[in-house]
Amino acid sequence: MALRGDWMYENNGGTCVAIAGIDYCVVAADTRLSVGYSILTRDHSKICSLADKCVLASSGFQGDIRALHKHLSARHLLYQHQHNKQMSCPAMGQLLSNTLYYKRFFPYYAFNVLGGLDNEGKGCVYTYDAVGSYERVGYSAQGSGSTLIMPVLDNQLKSPSPLLLPARDAVTPLSETEAVDLVKDVFASATERDIYTGDKLEIVVINASGIKREYLELRKD
Amino acid sequence: MFRNQYDTDVTTWSPAGRLFQVEYAMEAVKQGSAAVGLRSSSHAVLAAVNKAASELASHQRKVFRADDHVGVAIAGLTADGRVLSRFLRNECINHSFVYESPLPVGRLVVQLADKAQVCTQRSWKRPYGVGLLVAGLDESGAHLYYNCPSGNYFEYQAFAIGSRSQAAKTFLERRYEAYDGYTREELIKDALFAIKETLQGEKLTSQLCTVAIVGVGEAFHVIDQKTIQEYIDAMEVSSEGGAEEETAAAPPSGEAQEGGDGPAEPAPMDI
Amino acid sequence: MQNVEISIPTLNGWLLGYPVTYLFSNEKLKKATGVVSMQSLHIYKIYVTRYPYVTGTSVIAMKYKDGVIMASDTAGSYGSTLRYKSVERIKTVGDHTIIGASGEISDFQEIMRYLDELILYDKMWDDGNSLGPKEVHNYLNRIMYNRRNKFNPLYNSLVLGGVKNGQKYLGTVNMIGTHYEDDHLATGFGNHLARPILRSEWREDLTFEEAVKLIEKCLLVLLYRDRSSINKFQIAKITAEGTTIHPPYSLRTYWGFSHFQNPSKGAAGTW
């Protein structure tokens, strides 16, 4: 791609994880922003609350990520004006896919996980690639540390095979606190080996009573 | 024989220096059901009379949220009001997209007024037939503006538009000086009183009005009917006790209702 | 395709009567110019990768007790030539913001034209509202990100600092639209050499004198290690009281270390 030289994009790193439970959803991302071997800042949130029950975490190129988050927030505002209600998480999932695909030939360099509660109040996680293909899953990891985290989640959460018929729920049997503890563990582990993950972990828990945020310090080296 | 020669299109002046089409548009505002607005230094309240076109119909929406910090109440052609509130919403979204800060209310109002003004100067257009009370909060505190079809706009402490609004204005004129120090509850109460004035004896119920508020620490929202009914009930108890007899104090003045017969001499562009 | 150089002056401007530049790839150029007014014209779009000509090196900035302090040298390098030696790379933007730029000087001057226009239009409202550092930062980010989306970036890393409503602000944007805030920032070489110092020595409650001392320590490291920096610095501060950009001055340097005088002396494999 000589036309769009490498100057068009920058990889600012970062890892995002989301886990869906019976009646909750945990979305987490680290707050390190880096480029190459430099850390730009240690406290930069990658998580955006789009609706009451819908949270998006993205890693990749910060400029694109911010543009994407702002675009979706503006679209959600218009949706609220027109429909007098909050957008549901499945609807936001489709909107995000369409938004990404709209830029199929000049993509947003953003790797997203969307977490929240669906219309039945069950936890839901949508996972994406940069050009908009997406899938509803029980848990997901995206970004620079995803290769370290995903196999651990596979091992610990063991979602039923998507090939089974009739389809089984992909949500994990873990309780909310167990899921939060697992997220803390996988991030602490990824931070050990991935130079783009670290500094601080931002955890967002969505359940029937609303959105809760908590932070955990990670290694800074 | 006595047909007006100067009112067939917006861009034709009368020899007296008036634009009749614009004045007719302002007349449409007076025909619409009433809306009132008032503000303290920290809050602004909008209220509107919900009037259904028939027994079988529901009423039209009169109060619109433009953003967390601004909202409007309209009187006149509701369809025009809807188009304009969509414009306001877009302006607010665009501004917060570029600056990540809310659009100052005064600037929003000017954009709206400029849009209305264009319609008074183009032969192929028609002025908007709607008056808007714009209430909002920004760096310099709470604001209340009135935007009119002529493209004029005014800032007010308290104002009323729409049919029989004169009664509400009379009520507000007697009390506005104290409004700066009012609490939000007192503002809501006075808004309901003002609305009651426009009803001319008809019983005020929560179904008959929409009340919205915006202020420090409070995003623009329509107050739910149950809360409004509680305010109304409390009002009735206190006025029966004779604490403050507001209702009798405002006799409806002549021009309050249809001021349509024979326009007076000076150009009423100042309203 | 990158860095295609073409000169087809007759095609610029007057072709088809539009004030635009038509770009053709080299191999199709002959064909395109040959068919100007005869057949349907094929317009080929080429993307030109630009490169900077005159550049400024690092800018350092940090918050301190009363506001934000920013520093840079005044060099404008033409490649490795020190072409200009008194380029002011720190400027004020409105009443609450200062901006520092590294990268292409001409692009920075273009950016200042945008920002001065922005501030002028903001002041023209004359309504008591004004753009703060956060708003300017966001606006600037839109400009930078938009230009990269058009494959025509402004070749700069910019630092914005300011104080408004008692709130300190320090943020940065680069040529492709990466933007963030922090307590201390540095562009270019400064990110490698100055920020480690700032990370270990910076405190929120630094006085101005301490802040100047710390920033001079960083500048000195850059002066010794960054080939394109010169010993002529400007320091600017912004507080709630206002902005001061100090005139350029020099730092005391010491070149007497034996390693500076004979760097290879005693090194293994030398004599």
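We call the chains A, B and C, going by the order they appear; numbering starts again at 1 in every chain.
As a working rule, a residue touches a chain if its C-beta (ideal position, glycine included) is under 8 Å from a C-beta of that chain, and two chains touch if they have at least 3 such contacts.
Here's who's who by UniProt: A, C = Proteasome subunit beta; B = Proteasome subunit alpha type.
This is a predicted model, so every value here is computed, not measured.
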item: Contact graph of the chains (line, ring, star, complete, other); value: complete
item: Reference chain C (Proteasome subunit beta); chain at largest CA-centroid distance; value: B
item: Selected pair, greater C-beta contact count between A-B and A-C; value: A-C
item: Chain B (Proteasome subunit alpha type) and chain C (Proteasome subunit beta): spacing of chain centres that average the CA atoms, whole Å; value: 49
item: Approximate Å spacing (C-alpha centroids) for the pair chain A (Proteasome subunit beta), chain C (Proteasome subunit beta); value: 33
item: Intercentroid distance (Cα basis), chain B (Proteasome subunit alpha type) paired with chain A (Proteasome subunit beta), Å; value: 45
item: Residue ranges of chain B (Proteasome subunit alpha type) in contact with chain C (Proteasome subunit beta) within the complex; value: 98-101, 104, 106-107, 110, 138-140
item: Interface residues, chain A (Proteasome subunit beta) side, partner chain C (Proteasome subunit beta) - complex; value: 2-5, 7-10, 12, 33, 35, 38, 40-41, 43-44, 61-64, 66-67, 106
item: Residues of chain C (Proteasome subunit beta) that touch chain B (Proteasome subunit alpha type) when the two form their complex; value: 125, 127-129, 131-132, 134-135, 138-139, 142
item: Chain A (Proteasome subunit beta) partner contacts - residues on chain C (Proteasome subunit beta) that touch it in the complex; value: 1-2, 47, 49, 141, 145, 148-149, 151, 153, 175-182, 191-192
item: Chain A (Proteasome subunit beta)-facing residues of chain B (Proteasome subunit alpha type), complex; value: 65, 86, 89, 93, 97
